[in-house]
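First chain written, first letter: the chains are A, B and C, and each begins at residue 1.
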Amino acid sequence: MTPILSFSRLIASLKRISPRRGIEYCFTIIGFVITLSIILMAIFAPYIAPYDPTKRVGGLLEGPNSHFIMGTDSLGRDIFSRIIYGSRIVLRVTLLSIVISFFCGVPLGLIAGYVGGKLDSVLSLVMDAMYAFPGLILAIAIAAALGPSEITVSLAIAVIYIPTYFRMIRGHVLSLKESLFIEAARAIGARDRTIIFKYIFPNVILSIPIILSLNAADAVLTEAALSFLGLGPVTAPTPDWGMDLRMGHAYLAAKIWWPSTFPGLMIVLLTLGFSLLGEGISEILNPRLRR
Amino acid sequence: MGESILEVKGLKVYYYTREGVVRAVDNVDFFMEKGETVGLVGESGSGKSTLGFSILKLIPPPGKIVDGKIIFDGIDLTELDEKEMREIRGKRISMVFQDPMTSLNPLMKIGDHLVETIMTHEEVTREEAEERALALLRDVGIMPDRFHDYPHQFSGGMRQRVMIALALALNPDIVIADEPTSALDVIVQFQILDLMERLKKQYNVGMIFISHDISVVAEISDKIALMYAGQIVEYANAIPFFEEHLHPYAELLLQSVPNIELSDQKLKYIPGLPPDLLHPPSGCRFHPRCPYAESICKEKDPPLLEINTGHFVKCFRYK
Amino acid sequence: MTSLRIYVVRRILLAIPTILILLTIVFVVMRVAGDPVSAILGGHAPAEQIERIKEQLGLNKPLYVQYLEYLWQLFHGDLGRSMIWGRRPVLVEILEHFPATLELSISAFIVSIFIGIITGVHSARNYNKPTDHMLRLYGIVTYALFIPWIGLILQLIFGVYLGWLPTSGRIDTLMEPKHITGLYVLDSILTLNIPSLISAIRHLILPSITLGIYLSGIYTRLTRSNMLEILRKDFITAAKARGLPEDTIIYKHALKNAFIPILTMMGLQFALLLAGAVLTETTFSWPGMGTFLAERIFYRDYTTVQGTIVFFALLVVSVSLIIDILYAYIDPRIRY
């Protein structure tokens, strides 16, 4: 459980990942496959999608058939094509929000942990308060106040996760700060920046993939939720899973299930992909229950 | 010779770990008679606790009984299923554990531990069970007004008294005491030992007393079984064992016990390291540390032979 | 009891800066970072109208004055007035919708604890066996389930195709029980109004299961890991050595001990429960605070949105405060 890890230990622990831990491997592989397929789908959307997602190409609300494998929506657009293109916006927002929270949370955590004192207390109080706040509601507030756009929605989602990075990094820094080898590094005259990057970063890097993937899973869910509530990053006719789910939901009572079920399924799949990935990685890197 | 109550034959208990098979108990034979106390002695890691736990079939995974028989009162316990074992556990063979601080349910009253155990095994009303629980607590020296206290209100010694009361609750044939005094202060150790000795007679119960400390075992045991590296290397009545022990390990072990009466004596220790049970030495497992080791000791595993009546030893020096 | 009292006072004092920070965050987000005027009027509006809105909301004053006024009003329990429909006080409107959210949250919470504990116990009991793997997967999958999507599937199966249960609303029209607590199930029981009770429960089932399933995975995982830890303790081995039946050991000895950490986590899950309730309500047109919030966002009712969010913030802080204090009463060790 010691947090002290050097690069060699990091490599060693990566090597320790052996195929013997069967079920974690299964989870990780499934998660990886799902995530990768959806990313590839987003990149190659124009080559995969059979129709223009924003144009009317068939009858209104046609059920799944040989022309439209997932049917058409209320405006006669191909749902399959909309799903393929819809992956683009959710992945863009997810990526952008992760980048923002990472590059806000990590430096703040490093500074708070390393400098300590009043700055640390204040930052920690603010971060703890933000952490206690229901993430989705905070995001709703931000998106509603700033007016929805791709940037503001990403920002709204990013804010939720800044405290997570902050707390993790700060915790690592604090536990490492006083440990012996930092003392030793200081004794031989290493500069603060050297200390941070050379010693603290390698220790932290192990926890990063876990948080990243959980962050991604949460970001997907939040983006979908904001879109579902009408605060999404795009406006019609651009395809977006959460928004399409919302629009299709109106036809449910008429047993027209396809316009809402398929976009919803994609949200679940992508979130599941990221969660499985994070779950698998965390089990492999921190095998708490290993005997 | 009294009536045999427990007979262990060729018992093998292995742990299947990631690193390999640990032969914690490897081909152990021993027997005990009704009402007698066997002191099971050995270094930590010699397999003595595993042996104790395997009699109740409570070996934690990845441990397994691989081979052998445990015949208790004519029944082979290795053949019994979980349900049948539950009838034995607590009622006919019970156990006192090493660490009294962690062996009681922290959210359960002391008295309820006893009541629950009694009511599990016998068809009695709660009132009757409570009455018996109170009597048991009195026997182990706990005031009846502490019946409704929780474990965290008790000291280690008091908790061990509760554990003893629990072990005796159903008048079992055998109590397995796994290092019952090791986690306690010296003074409390003596109190607990005294208590156990007294109750052993009062309840006429057989006991397997497991300890790494041969001086503790000496006080309480009728017989001594000395374990080394998962095997019993010497087994004898207590007096002959201390007076004319035969195995080289017994010799070295007894020399290493500090003796207050001979104050000028230098403290001796046994050279070498305890064996690695993942890769036990060939032949006699003690040969790497044995001052009398010969070439045969490296090649062959000596059998456990009865040298004098009731005095068994596992060593090529005695044929 | 003194140590408990000290703990309670200290805990309350600690909540004050948290509340202040949260209120400040809401203020910064809504007034400083956001542009209230364009949020209300939406892009282009005549200058005269902008001025009127600014006047009405006090937006033409310096920022620090706005901030102090905002705090001052909140301190007096004033969340402002709605900008639409007769400008009713926001607090009154929130309190009208709060019982619906409370009712949904309570029943979803019960569903989630129920599912979570059963699955968690089973998972731990069959550690590393196929049952355990399946239930672990359940724990991960539920977390990934998008609430509107679970709701949609349930609506489709039990509402649309089977026609067993209603898919929207809280109760059939004109069936509302006499208002006592605002919780329809409870009010129906108190007034012995059986038809209302049946109608209220029928409406409650699908939303509670939707939100309950989403939250249950967390309890599955929590119960599993706590049970695994407890099952490895000495007192469990000791209980086995006394020949106690397996069910007694699992439920009476192990689960009871595992329950304390699970209880602590419940407090932390409250925020998630609230966020989930917003989505569940919207999916099922459940007339609670979530639906209310979504509706007012749509109408750009700026003050109501701000007020509702402040209310959510205060709710989260008070609930965690209450849970901490309750917890101190239950477990004497926490006070030190």
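The rule is simple: a contact is a pair of C-beta atoms (placed from the backbone, for glycine too) under 8 Å apart; a residue touches a chain by one contact, two chains touch by 3 or more.
Given the structure is predicted, the values throughout are model-derived calculations rather than measurements.
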Farthest chain relative to chain A (centres taken as mean CA coordinates): B
Field: Chain pair with the most C-beta contacts
entry: A-C
Message: Counting only Cα atoms for the centres, state how far chain B is from chain C in Å.
response: 54
- prompt: chain A to chain C: how many Å between their CA centres?
  reply: 23
- prompt: Once bound in the complex, which stretches of chain C touch chain A?
  reply: 17-18, 21-22, 25-26, 29-30, 33-36, 38-39, 133, 136-137, 140-141, 143-149, 152-153, 155-156, 159-161, 167, 225, 228, 271-272, 274-275, 278-279, 282-283, 293-294, 297-298, 305-306, 309, 312-313, 316-317, 320
Query: Tell me, which parts of chain B touch chain C in their complex?
result: 56, 58, 60, 82, 85-91, 94-95, 97, 99, 102-108, 116-117, 120-121, 163, 166, 169
Query: What residues of chain A sit close enough to touch chain C in their complex?
result: 23, 27, 125-126, 128-130, 132-138, 140-142, 144-147, 217, 221, 224-225, 228-231, 245-246, 249, 252-253, 255, 257, 260-261, 264-265, 267-268, 271-272, 274-276, 279, 289
Chain B contact footprint on chain C (complex, rising order): 233-235, 237-246, 248, 253, 256-257
